[in-house]
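The same chain A turns up in both complexes below, where it pairs with chain B and then with chain C.
Showing the complex of A and B:
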């Protein structure tokens, strides 16, 4: 229980540090947020009024106190660019991003984990010689290239899947849930999730394989062999369960990183997600929106790390004991 | 006395080589990056090369648009020259905005005359055309303004780009697609007139930019204006030929130079069913000038008084004659329902926010389309308003946000898109995609133009002869060929050739060539020493090396 408390305190500290760094970075960046809203008919007074409305005319420390105070109340401010609350803007695209990330990670980690087990088993065979370089290639291939390839083949040429977006033009649904469960949404989700999964599956696969190889050296495996257990039972029931632990951590942390790292896939597939919102916000010096988006991403990463930690000590009591 | 001066001059010239000023410093030219603006980036490379051949040391500095505009717009003393553009908008069909705002000295400090051009003779002409209500007289003045700009080479004009759009001819009847002069086929008239041929009755079009706001009192992103023009009506609209035509106004009549009566069309309703009244019209113009909609204020500043004459007639009285009033005010101000906006504006008074940050959940106008849905970074859906007197022939208008150019072309080919409304890519690729498919590509010369801006505040750009030489050195045909794939026309005036009535054809014959440019520099006293250009005698470099 005390451990939980100190972990929570650490989380709050990390988030505060992230919030502060974000605040500073965007204000030290070259470029003036006003530049994104220049209009031929703006007078000096109108520009000044605009600065005032955004609070940009105040000294930095006042802006900072204001910013932290609002943050504590859960108010991320209003976007300069959209003139709308940041929370609303983020919330509109966040579910799409979560759907894409989870779907892709599930495919990647299912395929990756099973693949890792199989490859550990087939160590030293020709299958390994072919598969490992192939997996390394997919990890090294640029995402946009992979995405364009999938688009060109499955959308433009075969016409099996739509070329972008999260829904067909003008499709309407009774609720957000109905939208997520619709065939239309899944059809749109398939290509971007596949592209992302192809990119992501290398990590769990290689991780699982090397863990398996380690575990297979351990005494209890030798013991199991001596007991005369079948190859398959040893592999899945004994070795895989032990080798799975780091993969679970990688999965949880992977969610955090993928949430913010989908910019390329989102752009290639016109997927309305957090990444695109973020890029637009940064390039337009839209401080509040960029801060808000980064903060949400940071929060997800921190929470996922926390969950991974907790899961770890639940799955493997040895970890908790050692502390 | 005169003889002595003359003699001295002869002696000095005879001395030759020593008679020169400081070397001209390294000139920095700003440009957007290749990825964001390939045309501009490539043009600037060619321009810089040409200038180097004149003996000038040229450096190109590339920065993204946001940072570029921060330098050019807010730090006006700090830059030498920059690639820039003016985009075409329907209200720029009247040359006033360009002729006055861009070049009048009053806007040099913080307004649109960002190059700091200051010529009292030009100011006088720009002011005179504003109040010239006689069309021929005004045309003469606009011609004169262009002649002065040509003489001074205020900018080095490069090209009038062609805007390129496309549509599926198996979905839309080609005869119903309207080409608006200087704007292209992506315009309100097309969206109203476009006639579906088969069962696909929705127009699905693309934007490579997100929608920022859907607000009749806020001039936000350019894509946003496509939507506001459809949801809200205006008294007049800029017609396909570029001239204003009555729209929500049934007719208008000038009583004298400063008084105009406007008669409202009968039987119009707002999207919520309420009738459109003259009170709404008065309210709309007052809201634009009332301090909560600062971007619209300049468009109503010439109005001294608005008076309701009867239940369909409104009389506008102006502070002074204003030639552009029809286009700049009556065809610009969105008509908004008083019953919705009056409480909103009252509420906003005394708050730091203004109407620009107010977003209606369901925007209500009286226009030919009604608002259905807006999902940020995904799509905006409008539906045809069957009760409108000019009801569209399509069922829905669906704008999809597609950031990926290749995916846009793929979607057009597959029919997922049936109207290409934004295409920043290579025209040749579009043409190749269209070949063998029922896709019609339409290119038309734009009202907008691209140019290299000289900063007149910084020598040697304060010297008209220097600017002229630099402009003469630019090979525009090469730029059109290499950077624009022939989808552009050479420019030498801020008034596009697309505005046939206003463009002065005499300035189009601007002569260029490297030899000519060298001659111009030599005539103005600039000297080449060891391949490096030097100022004329006695002129020193004041801005570093």
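Showing the complex of A and C:
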């Protein structure tokens, strides 16, 4: 319990530090700091209202207190470009990003885990000699380039999948859930998720394989061998169950980092998600929106790191927490 | 103090460095992964050095046909343009060769800073302990909370778009992994007998840290360095692809952006967007291969 408390405190500390760094980047950048919040095209009343809300006419330290206060209340300001609250814009695209990330991670970790078990089984064979360099190669390929190849072949050349977006133009749905479950959405999701999964599957695969090889050295596996259990039974029923734990935590951490890394894939496939929103906001000098999108991505990463840490210590009682 | 005492440590240090280099070399010869990776690196270094001699054209120069018309979208296989030209009439093969230079430049400088900062933070945190360790490790936690690519995007958009700002942004965040690993390594080394012996004979803290402990973690730093080269190249490519890169430099990422923006995908111009991607994969995977070779030596348990 004490562990949980101190880890929670650490999470809040990191969130605060990241928010502070972002505040400093946005206020200290070259040019007029007021420009970070106020679009010259706003009307005089709008400008005055925003000045007051974020205290932009006051000294830096007061602005900082106000900024943190606004953050706590979930007020991220208004987008210059869309003329709408940043939080509203972010929540509109957030489900798309989550859907893409989870779908890709599920494919990647299913394939990776099974692949890792098989490779541990085939230890020392020619299959291993061929597969491992191949897997390393998929991790070396830029995600956006994989995406470009898939687009060129499966969308433009063969015409099997749409070339971008999350839904066909003009498609309407009764609810968000109906939209996610529609064939149209899945067809749009398939290529970007595949590109991500090709990139992501290497980590669980290599991790699972080396964990399996570690676990296979342990006493209980020797015991199982002595009981005369078949190789495959030992591998799946005994070793795999124990080797899976670090893969589960890697999955949790992976959710956070994938959401941060999705910016390129979302741009290639014009996927209306958080990453693409951030890229467009930065390109258009839409500072409040860029700052808000960054903060939400950072928050997801920090929370997922926390969950991974907690999962690890809950699932594996052997882990001693000295830190 | 006699001359003998003065020269002894230097001689020992020279021997240690030679021994380490010898060990690195032995790994390269023994491990097929490391060998292939090193060969790929050597090939790319040669290509980068010889780019001006090998490239048939200036990579940014717009080419014209003999008829005087713009040489746009020339198909590959042409005598003067082996990989064809872009939609603005630039020679793809020359761009590919010159791209080697920026990739290696970014990769090696960023990896150097990442590993230097990470190693230093890890060494000091692990050895000093107390509040210094607490402060340094909280800084590492913060670095782990920063979304890497978005951070590089924001920084390179706010500062001048240049390769150096991309290198700076990467160095500010990516040292985190190296720092954590080096620290935990130092924690165990600190308790070892040779460190104790150095302490008893009155060696100063900096001396123990940099002369006795640091050489033992350097192979690990090297491992992280060879991975960081790949990360840096991938990151530079992503940033250029998103349009926040250095427009004055020919890079593989910028080539891919150009191809993407110019409808090369729908036109099926594979000769334009496949080669830069393959080049990136080769350099990055070379780093992975080398690091893997060293990992097998550093953690021989996996080799059983």
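Just a few scattered comments:
Following the convention adopted for this analysis, the second predicted complex is superposed on the first by the 284 of 323 C-alpha atoms of A that agree within 3 Å, B and C clash if a C-alpha of one lies under 4 Å from a C-alpha of the other, contacts with A are read in each partner's own complex, and residues count from 1 in each chain.
In this text, a residue touches a chain if its C-beta (ideal position, glycine included) is under 8 Å from a C-beta of that chain, and two chains touch if they have at least 3 such contacts.
Please read all numbers here as calculations on a predicted model, not as lab measurements.
In the superposition on chain A, contact of A:156 is made with both chain B and chain C. When the two complexes are overlaid on their common chain A, residue A:172 makes contact with chain B while staying clear of chain C.
By the touch criterion defined above, A:272 lies against chain B but remains apart from chain C after alignment on the C-alpha atoms of chain A. In the superposed model, A:52 makes contact with chain B only, not with chain C.
Look at A:283: by the touch rule set out above, it reaches both chain B and chain C. Contacts of A:87 after superposition on the shared chain: neither chain B nor chain C is touched.
Once chain A of one complex is fitted onto chain A of the other, the partner contacts of A:148 extend to both chain B and chain C. Once the two complexes are overlaid on the shared chain, A:133 sits against chain C while remaining clear of chain B.
When the two complexes are superposed on chain A, the residues of chain A that touch both chain B and chain C are 30, 148, 151-152, 155-156, 163, 267-268, 283.
In the complex of the two chains, the chain B residues touching chain A come out as 64, 66-67, 69-70, 73-74, 97, 101, 109-112, 202, 204, 210, 212-213, 218-219, 294-295, 297-299, 352-354, 356-357, 359, 373, 375-379, 381, 396, 398, 400-404, 406-407, 410-411, 413-414, 416. Chain contact summary for the complex, chain C toward chain A: residues 33, 138, 141-142, 144-151, 153-155, 157-159, 230, 234, 237-238, 241-244, 253, 256, 259-260, 265-266, 268, 270, 273-274, 276-277, 280-282, 284-285, 287-289, 292, 301-302, 304. Here chain A touches chain B in the complex through residues 30-32, 34-36, 38-44, 46-47, 49, 52-53, 78, 81-84, 89, 92-93, 148, 151-152, 155-156, 159, 162-167, 169-170, 172, 267-270, 272-273, 276-277, 280, 283-285, going by the rule given at the top.
Taken in their complex, chain A has these residues touching chain C: 10, 13-15, 17-18, 21, 25, 29-30, 133, 136-137, 139-145, 148-149, 151-152, 155-157, 163, 210, 213-214, 217, 257, 259-261, 263-264, 267-268, 275, 278-279, 282-283, 290, 293-294, 297-298, 301-302, 305.
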